[in-house]
Amino acid sequence: MKILGIITVIITGFLLLQAERDFPDWGDAASPASDNRLSQHYITETINETRVSNMVTAVLADYRGYDTMFETVVIFTAGIAIIGILRVYGPSTKLEHPEPTLDTEKPDLIIETTCRLLIPIIQLFALYVIAHGHYSPGGGFQGGVIFGAAFILLALARDLQTAQKWVPENRVLNLAAIGIFIYAGHGVLSLIFGENFLDYSILTKVLPGDAIDARYHSMLGVEIGVAFTVTAIMFSIYSNLASNGKMEEGI
Amino acid sequence: MELLQSIADSFNYWIYIILMMIGLYALVAKNNLVKKLIGMSIFQTAIILFYVSIGYKDGATIPILYEHQAHHGHHDAGHGDAEDAHHDVEHAVEEAAKEIHAVAEDHADGHDAHADDHDTLVDSHDAHTSSAIHAEDFANPLVHVLMLTAIVVGVATLGVGLAITQKLYGEFGSIEESEIIEQIRTGK
Amino acid sequence: MSSTITSITPLLACLVSLIAVLPIVLLRKSPNAREGATFVAGIIKFGLVLYMLPTVLAGTKIEYTLWQILPNIAIEFRVDGLGMLFGLVASSLWILTSLYSIGYMRGLKEHSQTRFFTFFAISLSATIGVAFSGNLFTLYLFYEMLSLATYPLVTHHQDKEARTGGRTYLTYLLTTSIGFVLPALIFVFVKTGSSMDFSPEGFLAGHISPSAALVLLLLFTFGFAKAGIMPFHSWLPGAMVAPTPVSALLHAVAVVKVGVFCVLRVFTGVFGIDYLESLDIATVVAWIAAFTVITSSLIALSQDNLKRRLAFSTIGQLSYIILGVALLSDRAVTGSMTHIAMHAVGKITLFMCAGAVFVATGKKYISQMDGLGKKMPFTFAAFTIGALSVTGLPPTGGLISKFYLVTGTVDAGQVALLVIFLISTILNAAYLLPIGYRAFFPKDKELSKTPFSWKAVEEASLPCVLPVCITSTLALVLFIKPQFLINLAGLMLGSGG
Amino acid sequence: MTEQAPIFILLFPFLTAVIVALVGLRHKSLSWPLTLVSLGASVCASLSTLAQVVEHGPIRYKLGGWSPPFGIEFHIDGLSALVAVTVSVVALLTAIYSKDNVDAETPDKSSQYYSLFLLLVSGLLGIVITGDAFNLYVMLEVAALTSYALIAMGNKRASLAAFKYLIMGTIGASFYLLGVGYLYIKTGSLNMLDIREILETAGLFNSPTILVAFILITVGVWIKMAFFPLHSWLPNCYAFAPTTSSNIMAPLVTKVMIYVMVRMVLTVFGPNYAFEILDWENIVVWLAVIAILAGSIGALAQKDLRKMLTFLIIAEVGYMVGGLWLADETGITGTIFHIISDAFMTLCVFLFAGIVFAKTGARDIYALEGMFKKMPLTMVGFLVGAFSLIGIPPTAGFFSKWYLVQGGINSGNWEYVVALLISSLINAVLFFRLIEIAYFGKKPAEGHDHHHGDDHAKVSEASFTMLLPLLSTAAILIVIGLYNKELVSVIQDFLSQFNLATSIR
C-alpha cells in the first residue's frame, strides 16, 4: 500500500505542478478569476441589487442561493445518514466490541459553573453572528455552528442526558427540517407567486419594501433557516457519535 | 535560485500541493481508518486553500463594503427595482469594466488608495453606474462562497466517515483495515 | 416480372403460430383442445402461405413493412420465390409434425407438454419470419428468436444429457451469431448505409474491398451456424437429445434449413451472384462445404445410434445446398433451392420413422433393428423411400435436386467437385440403405443374438404412422411434379430456371 | 406552470425527503406512500420537461431570477432531459419495489432510509439538470453522502465497503472540485456554457492548467463511475448493501457519472479539445477495452449472484467510456443510448437478484434452481433483462450495442468492436448458466451440499410490489428497443451542435 501511495502522490503531485506553471501570479488583481465580469459584478453590483454590504452573504444566499440550499441539505443529509448508520433503537443491545468507557464521575463543579455562565453568552453571540451576516462576517452556517457548540458544550460539561432534556432527539430533527422548510419555503413561495424558484424579488407581496428590500429580507430569512438546520444537525451528529448511536450516555 | 523565486511568488500554490499530497498519501497508504479520515480532511482543506488563494488580490480587503460605500451605492440604485437591475446587468458590467481599466491605467500604483480617493475619481466618470466600489479593492467573494460549501461538505463527509468507522469498530473491534479484512477472510 | 404488392398476409402467416401460444397456454388443462389449437393454427398458416403461392408464382413479390425500427432499417416482410419455397415446406410439414407430436408425446407420456407445444409454435413463427423477412436485419432478428425458442425444446428432457446437449447447442449458435453475424451485419450497414433489403443484384457491390468481401462472406457462412458447416457443426448431433418430433421438424426442417436459407439469402440477396462471380471468392466456401460433405458422410457411416447417423447425414446434405449455391451457376443454385424442399421431405420421414421405432420398441440403435421391418412394415417402407430420396435415387424427389446440382457442377466446370458429389452419393447410399434392407431381410444369426422378444411389437399409433406415410408419399410425388418448386427457385434467378 | 417543470423534477423528491424524515418519526407507515407520490410527481415533471425540450429546444431555467453566469441555471437539453427521465423512472420503480425489503432489512430506520433514498434521487437529478459546474459538485456530494449511508446500513461487510467507497468517492469528488477550480482560475466562470465560451474566445486550449483540469475532472469522474482499474470499491458496495440500496445505486450512480463525463467532455471542454487537441482516443479506448474484458472475466469468476452483476456494471462502464472516446457521432449516440438502456437493464437484473434474495435468503447463483417452475413471471422479467444485457433483439441492449459497434467500425477502433462482442458472449455464458440452473433445477455434482431443498419448497411467486417493477422494467426495455429511433433522434438533435465526425462513407 505504501508504494502505491507514493506512486499516486508522485504522479498527482507532478500533474498539479504542471498546472501551477500556468497560473496567474498569486494576488494578481488582473488574473482571469478576478478581472472578469462575474467577480466584478458581485463586488460592484451587490449593493445595488441587494443592499447587502457583505458580498459573501449576498452571493451565498441570493446569487448562488440554490447552491446554499443544497449545502444545507448536505448538512441535513449528514445528520440523517449518521442516524441511519449508528442509531440503535429500543433496549440497548450489547455490542460485540463495546467502546472503552471512561469513569463517569460526578461533573466537576468548576466546569459546571463556568459552562452555566458561558453558554448563554455563546448563544447570544451565535444569534448576533446569524443576524449580522449582512454587514459583517457571519451568517447562518457560522452562527448555527456556534449555537450547536453551545449545546455540545453542555453535553460535554454535564452529560448527554442533560443536553437531551433541552433538545431531545425528535426536536432536533424537527428543527433541522424546519430550517430546510424555511429555506425551501422562500423558493416555493416565489414559485407560487409565479416567478422562478428562489427569486426573492417577487416576495414583495409578503415582505415590506421594494423588490430589493425583499431580497434583503429574504436573505435574512434564509440565513435563519440555515442556522436552524446547522444547529440541530451539529448537535445530532455529536450526540450520535458520542453515544455510539444509543443516545444514553455520552463521553 | 529561479526555482526558489518561483516558489516564493506563488507560495500558496506550492503549499496547497504539498498539503494535498500529504492528505492523498494518508488516504491511500494508511491502514488505520481514522488516520485515513484525517488524511481526507487535510486533502480537502488543501483544496480550500487553493480556492481561497485564487480570490486573493494584493492590497485588497475582505469583500464587505464600508458603511459609507454601502450608503453611496444604495442611494444610487434606489431608483429601480430588481427587474431593472438585471436588465441593465450586461450594460452595467461593460461600463464597469471600462471604468476599471481606466482606473487601472490612471492609478497603476494606487491599488491601496482609500475609498475616499475613489469617490472623487469615479464621480468624474459616467454617472449611471457611479458605484464608488472598485473591484480590485476587494477580494473575490465568489471563492469564499464556494469554499463555505466545500467546508460544509468536508464536515459532513467527515461525520459520516466517523460514523461508519464507529460502526465498524462495533462490529469488528478494530479500526485497522488489514485486521478487519483478515477477520472477513477467515470467515465470521 | 418484379412487380410488388403490399399485403399484410406475410405478417399474419408469421404471427398465426405466435398468437396460437395464447390458446395453447390457456387450454393447458385439456390436452385435446390444446392440440386442437395447434392444428387450427397450423392449417391457417398453411392456408395463408398457399394463398400467396399463385401471386408469387406469377412473379409478384408481396411486401409488408411492420415497423421502422432504426433509421433506414425496418422490420420488413417480403415474400419472393425462395422465401415462398421455404415457407411452403416449413408450414406444410408443421401440420404433419403436430400430428406426429401428439402421437409421440402421448405415446411416451412426456412431461410439460404445454411448454413443448408453446415453444414449438414460437419456433414456427420464427421460421416463417426468417423465410419471409425482407432484409438482413429482420432475418437476423428471427434467426436469434429461433435459437432461443428452440432451447427449451432441445432440453425438453431436463436431464444431464439434455443439459450438455442444450449447452453445446446454445454455445455454438449464440457464439456464431453474436460473434460473426452481428459484426458482419453492422459492418454491412456501416459500409452501405442502405436498408439492407435483399435484391437479386445484391447491395454490397461497390461498397467494400474484395478482401473485406471475402471476410464478410466467411463471417456469414460460418456465422449462420445452423447451416452446420464444419467446424461449427457439432451442435447438431448434440441437439439430438431432443424429443424426436423436435429433431424431425427442427433439425431436419426448421433450424438447419433456416441456416442454409440464410446462407442462400446472403449469397443471392446480399452479395448477388454476379458480384460474387466477379470477385471469385465463392470457391473457398465451395471447398469448405465439399470437405464437410465428405467428412460428415464418413462419420455417419460409423454411427450406430440412428438419430446421430441421421444428424451427420443432415450435416452433409446441408453442405450440398451450400456447395450448390457457392458454385454460382444457375442450375446449381436452382438445385440448391430445390434441395431445401426435397431434403426436408426425405429427412423428416427418416426422423419420424426413427421416432416411431423408439415409441414402439424403445430402441435407438441401428444394430438392434434387424428384422423389425416385418413388424412395422409401413414405417420401414417409408424409411426406405426417405432414404432413397435423401440419397438421390429414383423414384423420389431427391433425384431432381441432385440432378440439378450435378449438372450445375458441370456447368461451373468444377470437375473435382463433381467427383465429390459422386463419392458422397455412394457414401449416402452406404449409410442409409442398409438400415431398411436389414430391417426387412435380417441375417438370422444376428437376430438370434438380440435378447429381445419381437412378438409384442407392432406399429406405433396412428398419429405416428400417418405422417410418415404422407411425407414418404410426398417424396414420391415430388419426383413426378417438381416443376412448381423449380419455378419458385427460378424466380430468384430471373431466368425462370 | 410547464415552464416551471424543471424545478419540480427536483423539488418533489427533495422536499418529501425532509417531510419523510419528520413524519416518519411518528408514522413510519407513511414513508412509503409519500415516497411514491413524490417520485411519481417527479416522473411527470421530467416527462413534461422532456416534451418541452423536444419541442422547443434546450431550456435555461434561471434560479433566483439571476441570469447566468451570475446566478445558477438549469441547462436542460436533450441529453439531460433523457437522463432525468431515466433517473426518475428508475427511482420510482425501485421505490415501489422497496416496500417489503426496507421493512425487512432496516426495520427501525425506515423513515431515515426513505429520506436518504429520496435525497439520493434528488442529488442525482440535481447533477443531471444543473448547468453550473460547481453546483454539480454540491449535488455530487449530496448523492455521494446518501449513498455512503445507504450502503453502510447493510450488513457487516457493507460497512467496510462503504468506508472504502467514502474514501474513493471523496478523492474522486475532490479531483473534480480541483479541476473546476483550475477552470475557474483560468476562465473566471463557473457556468458550463460560459466556461466553454471563454475557453474558446480566450484561446486557452494550449494552457497546461486546462489540460490538468481536464485530466483531474476525467479521472475524478472515472473513480466515481468505477472505471477499471479504479473500480475496486464497487463490487462489495453493491453486493452487500441493503437490497433497495443496490437496486437504486447500481443502475443510477455509475450512469449519472457517465452523464457527467459526457457533459464535461462535450459541453464544457468541447469535442474539439477532448478529441482533436488531445489526441488520446486510442489510449482511452484501449483502457475501455481492458475494462470491458476485466469486468466480464471478473463476472465469470463469481458465484455470488449480485457480485456477478456488479462486475457486469464495470464492463458496461467500459462500453460507455470507450464509446465516448470513439469520437464518432454514432458511437457517442450509442454511449448516451446505453446510459438509458443500461440503467434499465441493470435495474431489471438487480430487481431480480433482490427477489431471489428475499425469497430464498441465499446469495449464490445456485439459489436459482427450479425458479422457472416456482416463479415463472419473475423469470420472464429476468429473461428480458438478461437478453438485453447479452444484446438480443429487440431489447434495448441490442440497439445500444448496435450503435456502439457501428461507432467502433466507423472510427476504425476494431479492438473495441472485438471487446464488445467478447463481452456480449461472456454475458451470454453468464446468463445462460443462470438460466440453466433455473431451468434444470438440479445442481451439478461438484456443488456443496447446502440445505436448499427444504427452503425452496415454500418459494413462490414474488409479491405484487416486487413483481410490478420487475415486469415494468422488462416492458420498458422492450419499448425502448422498439422505439429506439425516436430516442436516438433526440440524442442526435443534441449531438448535432458539436460537429462530430459521422461516418467514413
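Read from first to last, the chains carry the letters A, B, C and D; within each, the first residue is number 1.
What we mean here is this: a contact is a pair of C-beta atoms (placed from the backbone, for glycine too) under 8 Å apart; a residue touches a chain by one contact, two chains touch by 3 or more.
In this text, all values refer to a predicted model and were calculated from it rather than measured experimentally.
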Of the chain pairs A-B and B-D, which one is connected by the greater count of C-beta contacts? A-B
Just how far, in Å, is the C-alpha centre of chain B from the one of chain A? 17
Quick check: how many Å separate the C-alpha centres of chain B and chain C? 74
Once you find the CA centre of chain B and the CA centre of chain D, what distance in Å lies between them? 32
Could you say which residues in chain C touch two or more other chains, in rising order? none
What parts of chain D, by residue number, touch at least two of the other chains? 65-66, 70, 134, 138, 141, 145, 148-149, 152, 178, 184-185, 190
Which chain B residues reach two or more other chains? 24, 54, 82, 86, 89, 142-143, 149, 153, 156-157, 160, 163-164, 167, 171-172
Determine which chains touch and list them pairwise. A-B, A-D, B-D, C-D
What part of chain A is in contact with chain B in the complex they form? 1-2, 4-6, 8-9, 12-13, 16-17, 20, 23, 25-31, 33-35, 37-49, 51, 53-56, 58-60, 64, 67-68, 71, 74-75, 77-78, 81-82, 85-86, 95-99, 135-137, 141, 201, 210-212, 214-215, 237, 240-241, 244-245
Residue ranges of chain D touching chain C (in the complex, touch as defined): 387, 390-394, 399, 401-402, 405-406, 409-410, 417, 421, 424-425, 428-429, 432, 436, 439-441, 482, 484-485, 488-489, 503, 505
For the chain B and chain D complex, residues of the former touching the latter: 24, 27, 33, 36, 40, 43-44, 47, 50-51, 54, 82, 86, 89, 142-143, 146, 149-150, 153, 156-157, 160-161, 163-165, 167-168, 171-172, 177, 180-181, 184
Which bits of chain A are touching chain D when the two form their complex? 15-16, 18-19, 21-24, 31-39, 41-42, 62-67, 70-71, 73-74, 76-78, 80-85, 87, 89-90, 170, 173-174, 176-177, 180-181, 184, 187-188, 191, 195-201
Touching chain B in the complex, chain D uses residues 65-67, 70, 134, 137-138, 141, 144-145, 148-149, 152, 156-157, 159-160, 162-163, 166-167, 170-171, 174, 177-178, 181, 184-185, 190
